[in-house]
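Okay, so subunit A shows up in both of these, paired with subunit B first and subunit C after.
Let's look at the complex of A and B:
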């Protein structure tokens, strides 16, 4: 019986996404495909006047990083696909992890330098990773890079402390929270602006931390999701005999 | 040929050499380390071609995480590099 419910929910979500994937606005259908709109588009576009870092307000895409405005602004649906692919690969590793555990991992006792250094370096890695994905719209970086840096910090903890175990429930909840909130924000954007993952928050001044509308929030969710996902992959490969 | 072009040629040679060693090495451990070194060279080239996001991604994931995952799986194989048969 629960399989029927699951199938019904999947069909509903599929129909919902399919309706919003097309170029239709809510209510009327446009005849011009998206690619034609983008061919004649200039980078400066509909901006009033020249764009000055730290001063220009109310631009079309409020982020200072060009790659970010494409990855999470114009093509945010592709980023959702990337997140899905990462989730599937982490799921695959988790499903066959018990086959890897047949050979025990010989963990050597870590040296003094490693133990002391890891205690000093790990908070720096944590701060740097959070900096990279929270400033994705201002400086090079973003959610994927910052999340991977967090996962490397977790790897350092695994190497330096032999009795370290990752809290599985916490990281699975974090990962699920990140993914679900991403889709929920997309649906809210669809209801508020007419397109899935529409940027419905105001674009502030270019260059400030709280600007570019929905983009820093999306990158925060992506960073949390990617970091906890890769940490889960490392936990499946490293721990648990 | 300016100085920057010479650096680029050296890095290209580094990528080529480490890739060659990664293919022709006898032990798998050496191959994984050479793949990580190749990722380092590729990250430098991406940064040199003014693509900092791609360089950061390549350095973190290519030279860091995938090499770590490869090594973790290699360590679970039997000694001598043979596969763990059931």
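Let's look at the complex of A and C:
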């Protein structure tokens, strides 16, 4: 398609979007009932007062990070679908990558600085990744972000050490463990509370590390699964068999 | 409409233009990524209100009745980012496979090689 046609279509769609959206009160936060209920942790109508950090106890959902309380609390089933999509994508990459790269990529010899630096930085990256996904219910971050940080650590190893090869069996086990335990916890929730992924653990006080019931456990599993999956994608892109 | 929503729509249109006008498959994957970024920014901008704070209860902002930005679009965008990552990774491997098989990433040449008729 020629550039003029493309520019014309883009300008048309742009005009439509701007004219259509200019009347809407975008960016002015309205009191959306659904969101408001989730922020006040009052979806079931059991918590009439505001949630207080460090004091509120025994709520229907105990995460201090309100985005996490939606992603892994109220809508945990969506997150299961999300990791399913990522798993399928990793599977597709693995299925096609070996048709593209028949042998390992020839890599430049890493410099002394890179090798020494990788040895120092790698443990820190691991610790930071684990911190990010174990504090997903208290601070910005969570399983996906922490898992990505772990995968960055693996990428650093691949760059710094030419002979490095990921332990495929171990990582597949980790990935499978994460996914299966997620579903098993969901089924236990269904048996205990009548809904798939029901939060059957005590929620504790909002804002403490050991609070929010199932959420830190689920984020730990997601972090392991995402980290090993992205590590597997990197391994495939580097031409490992 | 404020500057955030307008800017995110512009990024979306930039990605759309790249997707339509570029003939190189690799550039199309990049355009798709830019387009996705525009959509994500738009969703976050819809949930933002002026003076809103991050929707996390902390020692500094301990009450849930404070002026938080809307957490629901942010939760949606978290899903969207992960799916964007998966789509991009898979698309890049497909592009690499096409380049290995046909030796080109130009969509017009690929069309001819696959037996398509001249436009």
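In this text, the second predicted complex is superposed on the first by the 188 of 241 C-alpha atoms of A that agree within 3 Å, B and C clash if a C-alpha of one lies under 4 Å from a C-alpha of the other, contacts with A are read in each partner's own complex, and residues count from 1 in each chain.
One rule holds for everything that comes next: a residue touches a chain if its C-beta (ideal position, glycine included) is under 8 Å from a C-beta of that chain, and two chains touch if they have at least 3 such contacts.
From a predicted model like this one, the values you see are computed outputs, not experimental measurements.
Counting only touches as set out at the top, which of subunit B and subunit C does A:54 meet: first, second, both, neither?
In the superposition, A:54 contacts subunit C only.
According to the stated criteria, A:89 is in contact with first (subunit B), second (subunit C), both, or neither; which is it?
second
For A:151, select first, second, both or neither according to whether it touches subunit B, subunit C, the two together, or no partner.
So A:151 only meets subunit B here.
After lining up the shared chain so the two structures overlap, which partner does A:206 touch, if you call subunit B first and subunit C second: first, second, both or neither?
second
In the overlaid three-chain picture, which partner chain does A:238 touch, first (subunit B) or second (subunit C), both, or neither?
After superposing on A, A:238 lies in contact with subunit B but is clear of subunit C.
I want to verify the contact counts: of subunit B and subunit C, which reaches more residues of subunit A?
So, of the two partners, C touches more residues of subunit A.
Name the contact category of A:180: first (subunit B only), second (subunit C only), both, or neither.
In the superposition, A:180 contacts neither subunit B nor subunit C.
Just checking: does A:75 make contact with subunit B only, subunit C only, both, or neither of them? Give me first, second, both or neither.
In the superposition, A:75 contacts subunit C only.
Between subunit B (first) and subunit C (second), which, if any, makes contact with A:141: first, second, both or neither?
The answer is first: A:141 touches subunit B but not subunit C.
Mind working out whether A:6 is in touch with subunit B, subunit C, both or neither, as first, second, both or neither?
second
Once the complexes are superposed, what residues of subunit A are shared between the subunit B interface and the subunit C interface?
Subunit A residues touching both partners: 65, 67, 100, 140, 142, 144, 233, 237.
Can you list the residues on subunit B that touch subunit A in the complex?
Going by the criterion above, the answer is residues 52-53, 56-57, 60-61, 64-65, 68-69, 72-73, 75-78, 84, 86.
Spell out the part of subunit C that touches subunit A in their complex, as residue ranges.
Contact set of subunit C toward subunit A: 1-2, 4-6, 9-10, 12-13, 16-17, 20-21, 45-50, 52, 54-59, 61-65, 67-72, 74-75, 78-79, 81-83, 85-87, 89-90, 93-94, 96-97, 100.
Touching subunit B in the complex: which residues of subunit A?
Those in contact with subunit B are residues 65, 67, 100-106, 132, 140-142, 144-145, 148-149, 151-152, 155, 230, 233-234, 237-238.
Hey, which residues of subunit A end up touching subunit C in the complex?
1-3, 5-7, 9-10, 13-14, 17-18, 21-22, 24, 26-29, 32, 34-35, 38-41, 50-54, 64-67, 69-71, 75, 78-79, 82, 85-86, 88-90, 92-93, 96-97, 99-100, 138-140, 142, 144, 206-207, 233, 236-237
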